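After this come two complexes, each holding chain A, first together with chain B and then together with chain C.
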Partner chain A sequence: MSLVRSHAEQQNATVYKDYKKDRKVGEGAYAVVYLGTQLSTKRVVAIKKIKIGQFKDGLDMSAIREVKTLQELRHPNVIELMEVYFHKTNLNLVLEYLESDLEMIIKDRSIVFMPGDVKHWMLMTLRGLDHCHRNWILHRDMKPNNLLLGRDGQLKIADFGLARDFGDRGRQLTAQVVTRWYRAPELLFGAREYGYGVDIWAVGCIFAELLLRNPYLPGNSDMDQLDTMFRALGTPTESEWPGMSSLPNYMQIKHYPRTPLRLLFTAAGAETLELLESMLIYDPNRRISAREALLHPYFFGKPRPTPLENLPKHVRETPEAAKLKRKAHVLGALDRMSDDTKRTARVLDFK
Partner chain B sequence: MSTSDQWIFKKEDLYRTPSQTMGGSTYSEEKEARAKGVTFIVSVGMHLKLPQLTMATAALFFHRFYMRHSLKDYKFYDIGATCIYLASKTEESTRKFKDVIVACAQKAAKRDAPIEDSSKEFRVWKDTIIFTEELLLETLCFELSVEHPYHFMLTLFNNHYVKESNRSAHLRQVAWAFINDSLRTTLCLLYPPRIIALAAVHIAAKYLDENLNETLGDTWRELYEPDNQEIQDAANEIMDQYAQASNRNGRSFDKIAPGSKPGSEYQENNTPAYAGYLNSPAKLATPVYSHDASIVP
Partner chain C sequence: MTNTAATTATTAAAAAAPTDSTTVTTANGSVVNATDANVTADAVKEVPTMKQLYEQSTQYNHWRYTQAALDEMRNKVNTEAAANIKANINEERALQGAQGIAAEALPLDLEFLRVDEELALLGFYERKIAPIFKHWKLPPYVVATAVAYMKRFYLENTVVDYHPKDVMLTCMFLARKTENFLMTIEDFCAVPRCDPRAILDLEFLICKNLRFHFTVHHPYRPCLGFFFDMQAVTDSMEKLQRVYEGALRIIDTSLHTDLCFLYQPSQIALAAMRISCKEESYDFEKYAEYKFKANEAAAQKYNEILLPILLAIETVMQTDPRCVVVTKTAATEINRRLKTCQDPARNPISLLYHKRKRQESNGDDDDDDDGDDDKPDKRAKLEDDSSPE
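For the complex of A and B:
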């Protein structure tokens, strides 16, 4: 049994020795992220180092949430937590490494998005999110920066530092979650009981951002966020969103009329706009769920989602080569598109 | 990372724990220390008004810890306190660190007056919990997501107990109390949550003279029969602690009126837990564990 006794420590030591930190790639509020290598497999990994010493209350809640939720979630569209170990007084999370994220791609002006690209990214985002929600976990920080993209094109939801369980009636949650531009209206009004709707609203904003190539609702402050939102989507009425005025921080905001989405999203098809609209419904109870969204006609119509290997990638090494490859794909997609059009035309040709 | 299979042990493993092979404890000494540790966890938990589920998680962490470390090296008060603190975080029911420290110090010393935050005692508790938290996490292999028999039992009642009646609520409360009491034992190291839940329902039905084959029908048979032996073993294990307690008190379980057993030591003001659940309408109306809504898949 003495073997068992030291098992955990031994395991920790073995795990620690298997990873090497190569270089720092980012620094968050409570952690530093390194690019690293798993020595036994030569696999490239991301190591998130959480400083414990700096927290006088022991291990930080974000770290606990991240470890706990990622253990519960295993899905191709959710980042994989490979190992956890202590070194000195730091907690290290070993995560799979993905080189870029959706934010980088959106900002990279050399890349042209095809409708099929956006469709596949949305599909992967919603699949990952549906998995979280079915396990009763809210992400609470959905934004392009947290949707990582792998070399193979696969999209994975990352950063579960704010994630927690939900569905418990009467349990109070904090409204101080989600990056402002992606924050749902109920959170801005200070709701303490909310559900999957907050993640869906954020996905709606991401969807819009993919179509516009610019943040959809970029408020400068929490106050301005509501103003920006209502200017874009119209000020909600009590009949549109029952219960709105009884939310803790509810305030009356200037009345803006609702402008149809198609006036801003001129290039988007009817199904695209219909799905977007159902994600951006003010009343959280009527907002579409991830599961319903996955069954939306948008995902079954033309164009088909771009195959993983053809999705745009943010490649640092050889931008020229990437551009060429991409150009070929875009041309190909355009070709295929006209093929589809031709086929439709042929079907309609009764002679 | 591994699943919780590594935390289900054979009965003989409980005779070869670090506390016995290296710490010089006997089996029964360890058993008693474990029971005391969980009683401490529960009394701190009640003081902090933590949900039952948080206390159950803390107890599970506690039992797992002593499968890899000895009671001689780590005092059960220190580990119990750290388990409470960690569980309050993993179960999203955080309390102020200061309040946890004060409650632990108070309950460990069995006194009424809270300690001052400037006292040396406060600092010692604080440093101990912070230091031990790391060791605890490592020992648990960072497995923070745990399951309890409560989930399974409530799903069973919600989905299969056809008519929600006083009798079914009664049965549920009694089974619940049996699960609560089992926290003090090493049952969670021997059987998965599902088996413990079925064993608790089985005993509760016997206790209340309820025929589960009637009320739960085929569902019960389907659940019970495949694991018959295991459920029986787990049920015996649950009953053992009452038998021992009765022997000490010179009473036998059968003769004890409902309300005097089990779980008396769980209540702050000496009203037995069991009696509380059975007789107080307020308690029946607001189950300690209000998770029902989210459990149904």
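For the complex of A and C:
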């Protein structure tokens, strides 16, 4: 019996009662992730419980960003936010459950990638991202471990805790976004106005990582990130990237010559490298958009993208995990979730 | 312009507005199925076919009503609240009687607020948002978002149950966050001088009532799009600039009406431009010819679909009493009446309040399944720095 007669309260209670948390699959400073069940449909779901009670300013920005953006996005390649409800002082996000992610697949040395596999993962990533950008939403944390993979092979962009709208004149955005290895050069130079290019740069890094099976630009610090980037792609000049030197945190970095991509990506075809190169253009205004990328010849040439059902799946190989093989599909979430919690320490400037 | 990255953002804004405005012309554009098959050929099919973006928004799918539906909802909430309070007053009387307390403080012949009075009181508080946000130099869309949150909240709640001042403050605090202008609760409360607890206590409830839909589209952006678009056929930029500024003021006023529930932001924006053209004696028809009457079929569509919408919006702007500022005297009077019919179940000194509290704690059996929920809420430690108004 509630003290307050309210339709919204009843609705919230109804939603709450429809979900059962089965077991904890990850815990971080501010969120706990459970594997759960929607009782009315028996559907397996992931429930992200955010402990709002810890925040003195009420609902925190990460939760708001995630809920705000996911409510507006419905696409086969974007994770579905099924429900949101409060329980006690916690906010619960019910998300569709996916077993693994692209990072797990990349690290699984037992899997050999075929060019068609990479092509289909890129296709799904860009379709999902194009949908975000078309809705004027930047993801701002694109990386392999935020690209989840379902049992059916479908790839879905997840973790919208840093996402926000973009595209209006004069709105200042924070440059403190995107995990370092995937961070675009304009962000490293402190740009406060930027666009879809930051996500595309990250996708370019993911593309390279899929081809190399190793992180492409693994800088040790923000400074080292620029050095690593310029070592790999050459130090940009003002003519290559007009306006670069007037960015807030611009600094002159040692001049490295540009090495052609084909020297590193020896197995990749010409169209592959051309698309990769157009995603890793220094000047954000000349960098390819998700939509343009989807129309790139790479996606129309051979090989065809591997059909969903034939895409590599992640199977744990350690002896310890082999014992749990029966439960493999359940455990799939473990790596992702524990990793997900690592970045809870990120500090943001929301001004 | 200090950096090149900025250009991207600027072009994006220009592109955004006309995209939105096209939803006017193709009001019922077919929705393309975005389900992807897994062959590349589908990339070709999917990419050029644009789904009507606005039709995918929570605003379009969950917050559109007819005027009749709005009236019915408000009447229902209003009647239910009055009946509920009457019942609670009777129960409180009975409880007091049982304890031998004279029930003199509980009037029987209450004059409950009518729906139009509730709306007037809301209009009074809605208009307090802009000056406070102006103090922080926040753009108009943040004001509009806070107002929209208030309006959405009060579709299923009444000022009798939740005082608009508290709801207003919470909606403002929430809008700051959802529109990316985060501020600590202490800094926020220093300006309207209020109690942080009152805000934080309501935040959950308001989020629930908003159905966790935080994105609100306003007419400002499509209006900028029309301003750009109309420049293609203008004789006087100076005059058009004044038209645009006038339209923005009309949009400011429209926030206080039900238009946001009845029409799309782009439709309201175009109607505002049209009204402003009249006021500035600027030829709107020239633009309408260029934009909407390129051929006979288009002209017919404009005359049959869009024009009636624009006229309906104009009528609302001319006739809705909520376009007029509510005076402080009127608001004070409504507030006074509101106080006389307070719900004893919400009054912590009433017997009924304590009875319900006891019932609630006895009935609380919905323990969470993980046992780590029971950390004390740190908010309770916040100092009450409010000062009397």
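The rule is short, and it goes like this: the second predicted complex is superposed on the first by the 307 of 351 C-alpha atoms of A that agree within 3 Å, B and C clash if a C-alpha of one lies under 4 Å from a C-alpha of the other, contacts with A are read in each partner's own complex, and residues count from 1 in each chain.
Quick note on the criterion: a contact is a pair of C-beta atoms (placed from the backbone, for glycine too) under 8 Å apart; a residue touches a chain by one contact, two chains touch by 3 or more.
Just so you know, these numbers come straight off a predicted model, no measurement behind them.
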{"item": "Fit-or-clash call for chain B and chain C when the two complexes are aligned on chain A", "value": "clash"}
{"item": "Touched partner set for A:N214, first chain B, second chain C, both or neither", "value": "neither"}
{"item": "Touched partner set for A:F86, first chain B, second chain C, both or neither", "value": "both"}
{"item": "First, second, both or neither for A:N12, with chain B first and chain C second", "value": "both"}
{"item": "Which of chain B and chain C A:G167 touches, first, second, both or neither", "value": "both"}
{"item": "Which superposed partner A:L308 touches (first chain B, second chain C, both, neither)", "value": "second"}
{"item": "Chain B versus chain C as contact partner of A:R74, first or second or both or neither", "value": "second"}
{"item": "Touching partner for A:L59 - first (chain B), second (chain C), both, neither", "value": "both"}
{"item": "A:F300 touches, of chain B and chain C: first, second, both or neither?", "value": "second"}
{"item": "Dominant contact partner of chain A by residue count, chain C or chain B", "value": "C"}
{"item": "Superposition clash, chain C versus chain B, among 55-63, 91-99 or 361-369", "value": "55-63"}
{"item": "Common interface residues of chain A - those touching chain B in one complex and chain C in the other", "value": "1-2, 4-5, 7-9, 11-12, 52, 56-59, 61, 64, 67-69, 71-72, 84, 86, 89, 136, 164-169"}
{"item": "Touching residues on chain A, where the partner in the complex is chain C", "value": "1-9, 11-12, 16, 20-21, 24, 32, 34, 49, 51-54, 56-59, 61, 64, 67-69, 71-72, 74-77, 84, 86-90, 119-120, 123-124, 127, 130-131, 134-136, 153, 164-169, 171, 186, 191, 193-197, 241-244, 246-248, 283-285, 291, 294-295, 299-300, 304-305, 307-308, 350"}
{"item": "In the complex with chain B, residue positions of chain A that touch it", "value": "1-2, 4-5, 7-9, 11-12, 52, 56-59, 61, 64, 67-69, 71-72, 81-84, 86, 89, 91, 136, 164-170"}
{"item": "Chain B - residues contacting chain A, complex", "value": "1, 13, 16-18, 21-22, 67-70, 85-86, 89-90, 92, 94, 97, 129-130, 133-134, 137-145, 290-291, 293-294"}
{"item": "Interface residues, chain C side, partner chain A - complex", "value": "2-10, 12-13, 15-16, 34-36, 38-40, 43-44, 46-47, 50, 53, 56-58, 80, 84, 156-157, 161, 173-174, 177-178, 180-182, 184-185, 199-200, 203-205, 207-209, 211-215, 221, 345-346, 356-357, 359-360, 363, 366, 368-370, 372-373, 375-379, 382"}
